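In the two assemblies presented below, subunit A is common to both, partnered first by subunit B and then by subunit C.
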Partner chain A sequence: MRIRIRHDTTYHYDVPVGGVIQMLRLTPRNHDGQFVVDWRIDVSEDCRLDAQEDAFGNIAHVFTADGPFVALTVLVEGEVETQDTGGLIRGAVERFPPSLYLRETALTAPDAAIAGFAADARAAAGADPLATLHEMLARLHRDVVFDTDPTHAATTAAEAFALGRGVCQDLTHIFVAAARALGIPARYVGGYFHRSDGVVAQDAGHAWAEAHVPALGWVAFDPANGICATEAHVRVAVGLDYLGAAPVRGARDGGGAESLAVRLLVDQAARQVQS
Partner chain B sequence: MLARTADNLYWVSRYVERAEYLARILEATQRLSALPIAYGGTTNEWDSAVATAGCAGAFFAAHKEANEESVTEFLAFSPDNPSSIRSCFEVARSNARAMRTALTIEMWEAINETWLELRRFQPSSMSREEIARFLRWVQECSLRFDGSAYRTMLRNDAYWFSRLGVYLERADNTARILDVKYHMLLPAHEHVGGPLDYFQWAAILRSVSALTAYHWVYRESVKPWLVADLLILNDQMPRSLASCYENIVRNLDSIARAYGRQGPAQRQARAVRTRLQNSRMDGIFQSGLHEFIGGFIADNNRLGAAIAEQYLV
Partner chain C sequence: MPAAFDEMRGSGGDLRPAYLQLARWLGELPPGFLPQRMREAELLFRRIGITFAVYGEADASERLIPFDVVPRILAASEWATLTRGLEQRVKALNAYVKDVYGKREVLRAGIVPEDLVFQNPVFRPEMNAQRVPHDIYVFIAGVDVVRVDADSFYVLEDNVRTPSGVSYMLENREVMMRLFPDLFARHRVAPVENYPDELLATLKSAAPATAAADPTVVLLTPGIYNSAYYEHSFLADKLGVELVEGRDLLVKGEIVYMRTTEGLKRVDVIYRRIDDDFLDPLAFRPDSALGVPGLMSAYVAGNVTLANAVGTGVADDKAVYSYMPEIVRFYLGEEPILKNVPTWRCREPGHLAYVLAHLSELVVKEVHGSGGYGMLIGPRADKATLAAFRARLERDPKGFIAQPTLALSTVPTCVEEGIAPRHVDLRPFVLTGRDRVRIVPGGLTRVALKKDSLVVNSSQGGGTKDTWVLDA
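Entry: the complex of A and B
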């Protein structure tokens, strides 16, 4: 599938801002299931934009823009060609052994409820880790309600699980926390998702999880949709949790209150038939 | 476009590129063999020239020994060797004539004049200087054909197929150089970085005209792992494997977009490109440079077959 993405983030500041520094993890890389045909980042102000690779192998851009300005737009746009690999992630950049992804973070610390959830899934599915992960995927998708209201960027896995509600980020955190509680390396993936229902304009990017299964390598699970990753998923960045794979992190100097508008379009570029 | 026309376009470019590569190999070998034994070592450069050209079997069936005379004759002029410079130009020209109307005037003239002029060279009476001049002439002919294509062709499927031929052949050639030179064992007493080493690897860089580029990129003396890095992973270097695949993928993608269909050729090219992009040199050395290059050559051939299957027959 050829997916066209246009993602712009606009900041408006009440008072002109003196300067902005941001770290953008908004550039996908190639692996066996996806190929980046074309990709660019545009910033509306004059700025310094340096590309680098972070420790996990994600492409990260650091940009600094000197003010004063009252609005700033960061636009990423590109085309990615994807193939369905049944959720298997092969040929991706791996800078660490899988065992690193057992590390617990503040956002993904499992509490007793999550540990219990994981143990139940394992009991229901048997000893096979892949079956256990699928069991967790199905249960999370069934039991946790997708709801954009009650949670925010800093909601932990335990809080979201207690609420029984959350967005894709929270579901992913719960999944990652539960997998790690069972000793299965798991990580957070940030990216884009092409919706099959024809909705092109979206409010935010997508998030899902990858877990390492010894016989298969990394396998991607999308608890918000209750499926393994398909050709509709464009994988952009991985990390131990949201903070490690966040599309934008940054700081600014001055500017007073800030309002943020995100516009995201994910569409199929041209319908192609595979021969 | 007819598959036959696409096939002709693709092969004209491949053969012209191959002729240039043979000229480069011969030039580099001539230079290497002119070194004193103390620098040049006891290995036979002419042997490795034949191996790099990928026609050792045919050569040793016709000749007993690889020396300057026999190898130059075989790689440059022999009508019996299907990949001699002469044969390359001949096949390129007959391919070009078969689809004369798909080429621009400039391209046709470049290839036709090359062929006409080629017949004026008398290999038996050529001195070493004349051979050197001939080899430079071959490279200029390739440049002229390539430049004409770049400057005069419409950017449509005809152009993309001809580019595809260039880059596929170029990737194959660079990989072959790396593969053969990797085998060239150093004498036991030579430490790495000794004069023999230096001249061998410098000759490799020269054969892909990358010696100056090397110094610009690394600002260091010539070291084998950096040479390998430059020729495999550096996508700024126009003859590196990474750069060739960047272009292959782009051209295949243009074809796929224009035809609205894609298939195994696109998938395979992307897979190789991804692997080159995601590899690092220390990883490649750890798992074996030889295995990596061998795998690459096999992949490249598979891609050639996939392109042929999908578009050219």
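Entry: the complex of A and C
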């Protein structure tokens, strides 16, 4: 599938901002199931985008924009050719052995409830790690209610699991925490998802998980959709948790209160994108 | 526990040569002289303003560390051995950190288990495969050394993150020279006053290749609420560099600048006394208000030197410590000059079983602890304490190591009943620059003021002494 993405984020500041620095992880790379045909980032203010490869192999861009200004737009757009690989991720840039992805982070620390959830899933699935991961995927998709209200970017896996609610980020954190609790290396993936129901305009990017299974390598699980990753998934960045793969991390000098407007269109490239 | 080695009287009671003059001088003193000098010393310290925040004491957010006026003396030959051992150790520590974030040969060779690196909370994945200026990670090391007899020095702990205490070394010397000029006249004491010059030379030598001919160095502090803030301001003053907080710096186009009254000034080297976690909210803790947004991007672009490098903690936790002899052999192909205290790693079931069976004889420490907190001294612990520690060990064996209780050497110390031996350790400061290693002769001697106590940490009632290294 050829997927066309147009993602712009506009920040409005109540008073003119003195300066902004942002670190962007918004550039997909190729792997066996994905080929980046065309991609660009455009920042509304005059600035230089410095590209770096981060420790996990993601392409990161840093820019600093000097104020004063009252609005800033970061536009990302491009086309990616994808193939269904049954969720297997091969040919991706790997900078660490899988065991690194057993690290616990503040956002993915398992509490007793998550550890119990993981143990139950394993008991139900038998000892096989792949079956266990599928069991966790199905249970999370069934039991955790998709709800954008109660959680935010800093919500931990344990908090979201206790609520039984959350967005794709929360579901991914829970999945990652549970897999690691069983000694299965797991990581967070940030990216885009093409909806099959024809809805093109979305509120936010997508997130899912990858877990390492000895015989197969990295396998992608999308607990928000209850499926392994397909040709509908465009993989942009990986990390130990949301913070490591965050599309934008930034800081600013002044500016008062900030409001954010996101416009995201994910469509098949053959079709006309209305913007 | 065997009787401790006394650095003045040895094991047999005969005066050791380095202490001949001091012993004679002590014998000549009129009664009440030293207590009087102790009071004067305290006044001097109060005037200078050295204080130290003690964690866990709500009523004493800042307090003076007790100072003992009787110097600790090391002979030139003893110092020569120590120096060689320290230089070797820090060389190996540097090689280890570089390797862990680079080729990981030490893991492939099976010298250190992989999970000890990758699962270590202070391992910084962000440093993976990044080059740091001149491949130096540990610019400033504080290596805690103890001795148990005339010839044996053991490293108790490596401190390669943001080791503190050097201001005490400098202040102690200054106060001693004011109080006891006659005692200095009887000895040839090697100077320590040049430490700030040596530190500045070390930092400047490590400036990135893109820096100006005379690089700009700053000292980055978390601010006045940090327990070591006094030391930060003291050192910045002695170094003649700006003392800055995160908000005084900014990053633009992968370059670090300092805000000055004359506009922005490029910064080349940051002697940072902020923990990794707080350095850059874009790379580490997003809620850190102490750091500089984007600092890591300037760092990995090679445009600024951070001293010490990010992620050095992976070399100094107590579990890695137990592998140091192998680490020295692996990178340098030499036998370690300084000894390592035999260490049981409770993460290994066999070791854990031994530790649980011998708890009352051992010292048990938290792998990530410091400052003498959360430590068990088996021979001094009552039954309830031992039982509580046993439960902690069984719950989280990976979090602990155990060591035999060492009979730390003693040094004459001025206490209420007169001059009496008290246990000491020593923290020399090892500076590694691009050009060479520098170690000023001396360091911070910490002394356990309570009789028979082995805990020298200032947070636990320890004091400090001036440390004299005699010129041959």
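The criterion applied here is as follows: the second predicted complex is superposed on the first by the 270 of 275 C-alpha atoms of A that agree within 3 Å, B and C clash if a C-alpha of one lies under 4 Å from a C-alpha of the other, contacts with A are read in each partner's own complex, and residues count from 1 in each chain.
Operating definition for what follows: a contact is a pair of C-beta atoms (placed from the backbone, for glycine too) under 8 Å apart; a residue touches a chain by one contact, two chains touch by 3 or more.
Only a predicted model underlies this, so the values are computations on that prediction, with no experimental measurement involved.
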**OP:** Examine A:100 and indicate which partner it touches, taking first as subunit B and second as subunit C; both and neither are also allowed.
**Re:** second
Original post:
Now for A:31: first (subunit B), second (subunit C), both, or neither, which partner does it touch?
Top reply: first
Original post:
Looking at subunit A, which partner touches more of its residues: subunit C or subunit B?
Top reply: C
**OP:** Considering only the touch criterion stated at the top, classify A:196 as touching first (subunit B), second (subunit C), both, or neither.
**Re:** neither
Original post:
With the two structures laid over each other on chain A, which partner does A:251 touch: subunit B (first), subunit C (second), both, or neither?
Top reply: second
**OP:** Please write out, lowest number first, the residues of subunit A touched by both subunit B and subunit C across the two complexes.
**Re:** none
Original post:
What residues of subunit A sit close enough to touch subunit B in their complex?
Top reply: 29-32, 35, 37, 81, 83, 91-93, 270, 272-275
Subject >> In the complex, subunit C residues that touch subunit A >> reply: 114-115, 118-119, 123, 125-130, 250-254, 281-283, 286, 293-294, 297, 300-301
Subject >> Residue numbers on subunit B that touch subunit A, as the complex places them >> reply: 249, 253, 256-257, 260-263, 266-267, 270-271, 273-275, 277-278, 310
Subject >> Of all residues in subunit A, those that touch subunit C in their complex >> reply: 19, 21-23, 48, 50, 52, 54-56, 60, 62, 64, 66, 95-97, 99-100, 102-104, 154, 240, 243-244, 249-251, 253
